[in-house]
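Common to both upcoming complexes is chain A, partnered first by chain B, then by chain C.
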Partner chain A sequence: MEKELRQEAGKLLDDGTVDCIIGFAPGSLKFTTTPLIIEDVGELNNLIVNRFINNNLAKYLLEVTGRVGIIAKGCDSRSIVSLIQDKQITRQDIVILGIPCSGLIDLKKVEKLLAKERDEINDIVVVADKVSITAAGEKREVALSSVLFEHCLGCELQIPKEYDLLIQGPAAEICNYEVSRKHIKELKKMSPDQRWAYWREQFGHCIRCYACRQVCPACFCERCFVEESQPRWVSPVSQWQDNLIFQAIRNIHVAGRCTDCGECERVCPVNIPLRSLSKEMYDLVEEMFNYKTGMDVNAPSLMTAYELEEVEGLIR
Partner chain B sequence: MITKKINKKDIRKLLMTWNQEFSVIVPTRERGVAEMVRWDNNDISFLDWYRNTVIAPKACFLPQSEVMISFQKKETGYKIEVPRDEHKQIIFGIRPCDARAITIIDQVFADIYDDYYYASKRRNTLLLGLSCSNPYDSCFCTSSNVNPAESEDVDLMFTDIGDEYVIEELTSGGKALLNMSNMIKKVTKADVNRAKEMKAASVEKLKKRVDTKDIEGRLRSCFNDRDLWERVAAKCISCGICTFLCPTCFCFDINDEMIHKHGARYRGWDSCSFRSYTKMPMENPREEKWRRVRQRVCHKFEFYPINLGINACTGCGRCIRLCPVNWDITQVISSLPADISMHSS
Partner chain C sequence: MRQKIGDQPRIVGFLCKWCSYAGADLAGTSRKKYPSNLTVLKVPCSGRIDPLFVLKGLRLGFDGVLVSGCHPGDCHYQTGNYRARRRIVITKKFLEYLGIPEERIQASWVSAAEGTKFARVVADVVENVRAIGPNNLFNNEG
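And then the complex of A and B:
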C-alpha cells in the first residue's frame, strides 16, 4: 500500500496538482507515527501506512493553505467530509488519497495486557486476526480484536467513500459494536448518583490542556467558548465542575460533527475516557436525527443547515 | 560525601517514621496516571513499577490551581485571608531530571523573586532522589547535563543495589532525616562499588541524545527565519500537554471567582502554546503558531541560558512521550542550522 501511495502522492506533487501532501511518517519513538506535511517529492519515502497511524489529519486542512493532497482512512475521510459540509474547507482544494483500514492498535491496551510500557515492548506483528507481541524475550499471541481501539471496533467506514483516488489494500472485517460500547454500557448500569461520582472523579484529573479540543477536527471554532470572558461560560480555573462543563459543552458543540475517530480519548494525558461521552452523543445523533456524520458530502450539515419550513420558530 | 544504606524491606518503616513529622509524598498511579501525592502510610509498590510520573513534581510547589487569597464581601469592603501553607513535606523518589527542574524553577520563584506561595512550600520540603534504573526511550537527560543516577539537587540520593538502597547524604536536612531512624546502616566498600556499577548502567541505558552545543547561538541566528519555524511548527496542534507536563514550565494565569459574597483568587497553570495566552492583560504577541512554538524552544534553550546561565530542559522526555503528534524537541534542536555569526567572525 505504501509503495502505491508514494507513487500517487509523487505524481500529484510532480504535476503540480497539489502544493503539499499530508500523511504519516514514522515517529521518533517505538510504535509511534507522526503527521507529515511535505512539499518536496524527496521526502516521499517517509510516507508510511501501518497500524499506528492515529492522528486524524483532517485537522490540518483547517490550517494548511493551497491545494492539499491528504491521506485519509475512513474515519479521517468522514471528518474531511464533515468540514466540507460545514463549509470550513472547499472540496476543490483537496485531493483525497483514500486508504482502506483494518483497525489501529491501541498501545494502552497492549501495555495493560502485558503489564509493560510501550518502550519495553520489542515487537508487535499482526498476522491475520492475531497479533504476536514480543517483550522481555517472551512472545505472546493474542486476538487482534483485543488490542484494537474501541472506536476502531465501532468503525462504520473502513474504506473511504469520498475520495479522489483509492489505494487498494485489505480492509479486514473488524467491527464489534457491542465491544465498542462496552464502557458506555458499564456506565449506564450505574445509578445516576454513581455515574455522577464517576465523572466527578474523572474530571477531577483534567488538567485543561485542551488536547482533546486541539486534536478534534470538529472543534474548528476560531474562538472557543472556554476563552470567552464576556460573558464567561466556564471558569478558566481547573476545577472538576468547570472541567466537566467544558467537556459537556464541547460534546454538544461537536454533535453531528463527531465521527467517533477516538482521538480525544487517545491523546488525553490523564486517561479520561472521553470517548464514552462522544460516542454516546454520536449514537444519540443517529437515533434522534437518523444522521451519520461525514458520509455524504452533498448532505446538509446537521446543526447548521436550516430551511424556511423549520418547525423551530426561533430561527424562522 | 557520607554514604549509608538501608534494606529494601525497611523502606516502609522508614517512610512511616518520617510520615509522623512530615507529609511524605510518593509516586502513585491510584488515579490512573503516575503523579506525586501524599503517601497512604502503607503502599510501597511504586518501588516496583515507578519509572517516572506523568505529572511532574513541580505540581507539589506550583499546583495546577491554588488559592492565593480568599475574600468575603462585607458591608464596607472585603475581608481578605491569605492561606498559609507551612507544613513540612518530603518528596520521596524524585528523579534527577525532575530534581534539577526544581532547582531551575527555584531561580525564578525563590531566588530572583521570593514568591510567597512557591517559596513557603519549597522551604519546607526535602527532596529525596531515586536513581533511574529504567529510563524511557524518550529520556535524553544526559544531553542536558543531568545524570540519571546522580543528583546535587536533592537532600538524599537513593540508589538501588539489589536488596538494599545506598543513600548519599547531600545536605544537613537529609542527614537529620537519616538520624530519625535506626534502620540506616553503614555501607561496605562492596556496596559503594555496586552502587557505582548501577549508576554506570543507568547512564548506559540512555540512548537518546541531542547535541546542544552552541544552541543559544544557533537559535539566535535563526530567530527571524520564519520559513524554518513554520516548518518546525507545522504539525503542532497547540495543546498544553508539553508545557503543563514539563517539569520546568511555570507560566500561570490568575483568576478571581466569586459566588454570592464569597470568593477567591486562584493561580493556575497557563501555557504559551495557547492562542489565548496573555489575552487577559493585553494581547498575545504570538498570534501565529510558529511564534508560539519558537517561544517554547527559545525559552528553554536560548533565553534561559542567557538570563540564568542554565538551559531549562532537563531531558525528562515527557513532552515527546505524551505529545499527541510526536513533536520531538530533540529532532527540532538537531535540525537547526549552525550559528551563522560564528562562521562570519
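And then the complex of A and C:
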C-alpha cells in the first residue's frame, strides 16, 4: 500500500496536479507518526502508512493553500466532506488519495496489556485479526480488537466514500459497536446527579490546553468563544465549571461536524474521556435528525438544514 | 456565583423580538398575571440564541432557561426558528446527558398574539423548575 501511495503521490506532484501532499511521516518516538506536508518529490520516501497514523489530516486543509493532495482514511474523508459541506474548502482544490483502514492501534492499550513501556516494546506486527507483540525478548499474540482505539471499533467507514484515487488494499472487519459505546452505556445507567458529579470530577483535571480544539477538524472558527472578552463567556482560568462549559459548548458547536474520529480524546494530556461526549453527540444527531456527518458531499450540513416538522415533542 | 435575589426560582428568558417579546408585551397590556420570576432578554431572532447563552445563564445561577421564538413558519427571517429548533433540542438532550435535568432548559413558540399563552408558559416553566429545586450545578460545594 505504501509503495503504491508513494507512486501515485509522486505522479500528482510531478505533473503539477497538486502543489503539495499531506500525509504521514515516522514520528520521533517509536510507534508514532507525525503529519507531513511534501512539496518535493525527493521527500516521498518519508511518506508512510501504518497502524499508527492517528492524526485527522483534514485539519491541515484549512491551513495550506493551493491545490492539495491528501491521504485520507475513512474518518479523514468524512471530515474533509464535512469541511466541503461547510464551505471551508472547495472540492476542486483537493485531490483525495483514499486508503482503506483496518483500525489504528492504541499504544496505551498495548502498554497496559503488557505492563510494559513504549521503549521496552520492540515490535508490533498485525497478522489478520491477531497482533504479535515482541517486548523484552518475549513474543506475545493478542486479538487485534483488544488493542484498537475505541473509535476504530465504532468505525462506520473503513474505505473512504469520497475520493479521487483509491489505493487498493484490505479493510478487515474490526467493528464492535458494543465495546465502542461501553463507557457511554455505563454513564447512562447513572442518575443525572451522578453523571454531573462524574463530569465535574473529570473536568477538574482539565488544564485548558485546548489540544482537543486544536486537533479537531470540525473546530474551524477563527475566533473561539473562549477567547472572546466582550462579553467574556467563560473564565480563561482553569476551573471545573468553565472547563466543563467550554467542552460542552465545543461539542454542541461541532454537532453534525464531528465524525467520531476520536482525536480529542487521544490528544488529551490529562486523559479526560472526551470521546464519551463527542460520540454521544454523534449518536444524538443521528437519532434525532437521521444525519450522518461527512457521508454526502452534496447534502447541506446539519445546522444549516431543517425539516418543516421535526422534534416538536421537545418544545412546549 | 451571583447573589440570589428576587423571586425563586429565577428564570432567564431569551425572547425573539418579533413574536415572543411582543407576546410578553401583550400579556402585560392585557393585564394577564404571570409569575415575576422571569428575567427577559430580547434577541433579534430565536436563531440568534447560541447554546452558550443557555449554559451561561445556568452558570450565573439562574434556575431555568426559557427560549422562545415565533412559531415554525412564522419567522421574520424565514428560517431562523427552524435552525434554533435543531440547536435547542440538541442542547437540551446533550446537557441532559451531562447531568443537567431537561426541565431547566425549556423552549416554547409564542406568537405576538398569544399573550395568554405567554403567561401560561411562564407559569408552567416556573412550576416545573421549582419542582426540581434550585440550581446548584456550578456551586463549588454542591
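Methods note: the second predicted complex is superposed on the first by the 304 of 316 C-alpha atoms of A that agree within 3 Å, B and C clash if a C-alpha of one lies under 4 Å from a C-alpha of the other, contacts with A are read in each partner's own complex, and residues count from 1 in each chain.
Convention: a contact is a pair of C-beta atoms (placed from the backbone, for glycine too) under 8 Å apart; a residue touches a chain by one contact, two chains touch by 3 or more.
Remember, it's a predicted structure, so these values are computed and weren't measured experimentally.
J.: Tell me which partner A:271 touches in the superposition: chain B (first), chain C (second), both or neither.
T.: A:271 contacts chain B only, not chain C.
J.: Answer with first, second, both or neither: which of chain B and chain C does A:205 touch in the superposed model?
T.: It touches chain B, and chain C stays clear.
J.: With the two complexes superposed on chain A, say which partner A:255 touches: chain B (first), chain C (second), both, or neither.
T.: A:255 sits against chain C, while chain B stays out of touch.
J.: Taking the superposition on A as described, I'd like to know which of chain B and chain C A:139 touches: first, second, both or neither.
T.: In the superposition, A:139 contacts neither chain B nor chain C.
J.: Is A:182 touching the first partner chain B, the second partner chain C, both, or neither of them?
T.: Once the two structures are laid over each other on A, A:182 reaches no partner at all.
J.: Please indicate which partner A:227 is in contact with in the superposed arrangement: first for chain B, second for chain C, both, or neither.
T.: first
J.: From the superposed pair, tell me which chain A residues show up as contacts to chain B and also as contacts to chain C.
T.: After superposing on chain A, no chain A residue contacts both chain B and chain C.
J.: Give the list of chain A residues in touch with chain C in this complex.
T.: 187-188, 192-199, 225, 233-234, 241-242, 244-245, 248-249, 251-253, 255, 277, 280-281, 284-285, 288-289, 302-304, 306, 308-312, 314-316
J.: Using the touch rule from the top, collect the residues of chain A that touch chain B in their complex.
T.: It is residues 27-30, 32-37, 55, 59-60, 63-64, 117, 119, 201, 204-205, 207-211, 213-215, 227, 229, 235-239, 263, 266-267, 269-271 of chain A that touch chain B.
J.: Please name which positions on chain B make contact with chain A in the complex.
T.: 31-33, 51, 54-55, 64-65, 136-138, 234-235, 237-241, 244-245, 253, 255, 257, 266, 268-269, 271, 274, 276, 279-280, 289, 320-322, 324-328, 330-331
J.: Give the list of chain C residues in touch with chain A in this complex.
T.: The contact residues of chain C facing chain A are 50-52, 55-56, 59, 72-73, 79, 82-83, 85-101, 106-109, 121, 124, 137-138.
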